[in-house]
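Heads up: the structure comes next, in structure tokens.
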Amino acid sequence: MVVHVGVIGVGVMGADHARKLARVVSGAELVAVSDFAVDTAEAVAAELGARVHVDGHQLIIDPAVDAVVIATRDDTHADLVLAAMRAGKPVMCEKPLAPTAAECRELIATQTALGLPTELVAVGFMRRFDPSYLALRDRVRDAQLGAPLVVHCVSRTVHTYPGGDSASTITNSAIHELDIVPWLLDSPIVEVSWQHGRSSAHSGTRQDPQFYLLRTASDVLVTVELFLNARYGYDTRCEVVMETGTAALALPAALTVDAERRRGVDYPADWIPRYSDAYRIELQEWIDAIAGGRPSSLASAQDGLRASVVADALVESMNSGGAWVKVASG
Amino acid sequence: MVVHVGVIGVGVMGADHARKLARVVSGAELVAVSDFAVDTAEAVAAELGARVHVDGHQLIIDPAVDAVVIATRDDTHADLVLAAMRAGKPVMCEKPLAPTAAECRELIATQTALGLPTELVAVGFMRRFDPSYLALRDRVRDAQLGAPLVVHCVSRTVHTYPGGDSASTITNSAIHELDIVPWLLDSPIVEVSWQHGRSSAHSGTRQDPQFYLLRTASDVLVTVELFLNARYGYDTRCEVVMETGTAALALPAALTVDAERRRGVDYPADWIPRYSDAYRIELQEWIDAIAGGRPSSLASAQDGLRASVVADALVESMNSGGAWVKVASG
Amino acid sequence: MVVHVGVIGVGVMGADHARKLARVVSGAELVAVSDFAVDTAEAVAAELGARVHVDGHQLIIDPAVDAVVIATRDDTHADLVLAAMRAGKPVMCEKPLAPTAAECRELIATQTALGLPTELVAVGFMRRFDPSYLALRDRVRDAQLGAPLVVHCVSRTVHTYPGGDSASTITNSAIHELDIVPWLLDSPIVEVSWQHGRSSAHSGTRQDPQFYLLRTASDVLVTVELFLNARYGYDTRCEVVMETGTAALALPAALTVDAERRRGVDYPADWIPRYSDAYRIELQEWIDAIAGGRPSSLASAQDGLRASVVADALVESMNSGGAWVKVASG
Amino acid sequence: MVVHVGVIGVGVMGADHARKLARVVSGAELVAVSDFAVDTAEAVAAELGARVHVDGHQLIIDPAVDAVVIATRDDTHADLVLAAMRAGKPVMCEKPLAPTAAECRELIATQTALGLPTELVAVGFMRRFDPSYLALRDRVRDAQLGAPLVVHCVSRTVHTYPGGDSASTITNSAIHELDIVPWLLDSPIVEVSWQHGRSSAHSGTRQDPQFYLLRTASDVLVTVELFLNARYGYDTRCEVVMETGTAALALPAALTVDAERRRGVDYPADWIPRYSDAYRIELQEWIDAIAGGRPSSLASAQDGLRASVVADALVESMNSGGAWVKVASG
């Protein structure tokens, strides 16, 4: 059985999803794309052999479309997910499910009210499919090194896009850490504290870097450095300190190069090479689950909400000068 | 267009190909499998939803089969490739195309005599699709570090299977280096010398490790250490020394682990995790090319022959005590 | 000119100092040792050709002794430093100068009252002489990567000695970080916060690991993980995140070993191999400065006090549940 | 007891020795220097407080000089060593002891004829005191990974000095490998083969890189790449492949730096930082042995000869087109 997919929003990320669905995901066929920039949609459609819908809502109700990927601007997610729910079509929405926890709650309430299965809505927390994160979770679970005590996360990108503020660092970027840490430790985040020091000269109007302390229900202390204008490269780090040893994500590298008095490996400039495999595996699992009529292992709407309530608590801590803030129940 | 594939030989490698074709290669459908061990074939078929042919030749002529993968014992390759040629079906044969250069030449002669297109026969030199080797070739080609001067290859595996001799190390294992070096340097191997020192206590009846010197038409000196009973892990290394710097395959690693007074990364026990991605990408390219009616970038029968004539020269050098031996023309 | 040195306290650390002074420090001669365990003193004296004093105070006033090293228990430091001051002899006291800031202040007051030069008292913060820390400071100072924004310190040891409590982790172990961070950033620590999560099952009666946030006058946020029962190895890490890149201490390693499916490098079991060179260079600088009649670049009593007041603030933060606490002026 | 040392030849290397003897070697005092460039000698003497001799022979017979270091041009070594022998003074001669095996033999014959103790003459093969090489030898000797089978050596420098030819690469640079390999494996080199491929555009009139195969009496196959114009950095590598694992020199690095899309560590530009510690430890051992009236663990004149006869065999192999050549007995 082939799953016919439509992709709404074919900017850098959506176009990448569209290409993967058209070319390297088994059992999927890309049939339609849509974008507020019609030219962009037409170019992607021509490249990959799909039809164009001017409007995402029309794509959703197109009978040729079995399942929908949403990769539009954050503030349009909720509306489109709702439309997909009403059409009864499986939907994978890029993170965040919605910019606020309130909107996430509303979506889940509608999903319940409509009697829709949980698996109908998936959220694109692709790190759950990254082979390194999976290997790290295996190490934590096998407990050979004892219980996890402390986790150090670092997430750095080359530069920010114009227009964000300090809160958007949390809701849009740190949200990945807020999802992956509970998944890694099998324990929800219950308390958070927002901290900062000097901001980079390149940070524009937002505080950058930011630093967070998180505490899980299992009392693991988690530290997170989020630095969006780190300039040097796209770099995700995570070290889990356990009772008799530690495990950390290795820096992925194809080559070691010796040149100009240095031995080095390259950093990617952005998430595309770093998480390409994770996105592919995530999409494959999503398609396989739809085709097989079974729940997928993608993050659910509930997972999307859980990350959002932690983000809300971090924003509250930021606004209150760094105090520890309890996380509301998801 | 979906390409319906049959896989002949579903031992460890063939079963892995079958699973990839069934599950993660876009545009492919696994329709048939075959194995001299019928139980094995039936188990794989049941797992993946394919039919079983008791005989590889019957699989080849099955009208439901569009394209054929051969992953049987080396000495059966030529016969099955010939059958696929006669059926006019695209075939991807695991390396070596045939154990001797003579058999390779015969296959190519038949291919020419039948007026078949070159791309009908592909040889599974999967390293050509390994992202690290591809990045290494890009570095060599961009010439920012000057011309290549020396290449150091190391290929180590954990242990040998019973029954091989010193020549089979060359024809069965070193064959990968003999293919990848000319591909990497864009220059054929023209001269070879076989060397050795002390053999490992675990080496059985074969010389192990072995050491080769190769010279390309472009006068690059290539050193190869082939050590099949290296015990510690499955390890492929390749460093290209250029005029102002070097580039080398990085050791792939998901995690860095600190434990028991050591910081370390894990080696795989065999080729499966090391080259899983390369096999997937290779199969995807093969299917895409078939579906698109275009030549693929897989190794051709001619490439298979080229590697075999170099292997023959190495065996001759071995038998003559290490002298430099000229490589016959492919 | 040869400087004749006496070493008080020849346990593991003092004996190491004695050996270095006797054997690898140019211009120094070890003439006397002393220890509350007379047997130990006699063994070291016999090994190195020095005389034994039963009492540290007698060693200090021995006319054959030009300069004194103190490596006794922390609570005896102040008393012995005072005696050396009164004898007008240069003294290098192992850290901490004294267990409390109050005692440090008293020593400095006496030094001033006696009209003694600042350089008469040195404190053994040897990390200032570690080649890696020096290279790191050079990188921070050359400012090619912009201003420092965040510093991440990790200090892990294999196991604790019996008897310590959570406060002693700060005053005895973290004290190294509290000295090195201002030295590295050329800015004092002005505010601190003590944090913790789950304690290791091997932590005994103290909280372990502990986690600190420090803020410098230049508004750099510094994170410190102090884990004394980390089990896996002796490991000091320090990464300085600057505006366009980061620099971090490399893990020192003599060998890379491939064995049992792992590539790894060894961790030392304790500080002896990790900081052996730093101790040697520190002692050489101390001797050279004495012989040359010039101030040395070792940490001064004032530096010892500065670290102690930060430690006091951390203990206060710990006792108040993690609040940010201002550091008293040194 | 203080050993009063005179240094003949205070170019880059000799001046470094002089500084170490004056400043960081315990028990040594630098009393005299000499150089064919009198200005250079005077500058070093002024810096370090030593007297100047216009002629090396006068320095040797200066009664204030207890022991002599020779760091002059290679072709003057034999003559000066001879003078030191006649004066009965311990001498440490930089490698090579003499440019040809014949001259080495003559020196040893004279040493024997004069009834001088073996330890009177030491050769500066400092790698024997490099902590990494020592750790590597320990690993080979402890035999936990089985017997050594293959050794891969790589020695690369940034650029050559004008005027050398292909033979001088062997006698002047590769000589370090020719000494260290037998020391590492406890087995002499008995057979050698010289190989080459394409030469670097920066190689001037010599073949560069060069490649050697060495065979020890214990039948270990040793590969050596010697590349003097490698441009990218000063880089010494050595990997010993044993029956169940390998051990290799780690790349020494103080810092890891993330900048401009790369994670990297710095290479030194030359031998000074790479082997600074080895030289210091070597000189300390030399002084300690002289002061203690005991043989040192430095390379002897016999060791210098052993390396030279291997070098001769390599030159012979080079001149005969790469044939395996037996090494003459030392």
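To keep things simple, chains are lettered A, B, C and D as they appear, and every chain counts its residues starting from 1.
By our rule, a contact is a pair of C-beta atoms (placed from the backbone, for glycine too) under 8 Å apart; a residue touches a chain by one contact, two chains touch by 3 or more.
In this text the structure is predicted, and so the values were computed from the model without any measurement.
J.: Could you quickly compare A-D and B-D and let me know which has more C-beta contacts?
T.: Of A-D and B-D, more C-beta pairs in contact link B-D.
J.: Greatest Cα-centroid separation from subunit B: which chain?
T.: C
J.: Roughly how many whole angstrom separate the Cα centroids of subunit B and subunit D?
T.: Roughly 44 Å, centre to centre.
J.: Roughly how many whole angstrom separate the Cα centroids of subunit C and subunit D?
T.: It comes to 37 Å between the two C-alpha centres.
J.: Using the average of all C-alpha atoms in each chain as its centre, how far is it in Å between subunit A and subunit D?
T.: It comes to 56 Å between the two C-alpha centres.
J.: Where in subunit D do residues touch two or more other chains at once?
T.: 232, 244-246, 258-260, 265
J.: Can you check the complex and tell me which residues of subunit B touch subunit C?
T.: Answer in residue numbers: 232-233, 235, 251, 258-269.
J.: Touching subunit D in the complex: which residues of subunit C?
T.: So the residues of subunit C touching subunit D come out as 22-28, 131-132, 134-136, 139, 145, 244-250, 253-260, 265, 277, 284, 288.
J.: Show which residues of subunit B lie in contact with subunit D when the two form their complex.
T.: 146-150, 152, 195-202, 209, 211, 213, 215, 218-223, 225, 227, 229-232, 241, 243-246, 322, 324
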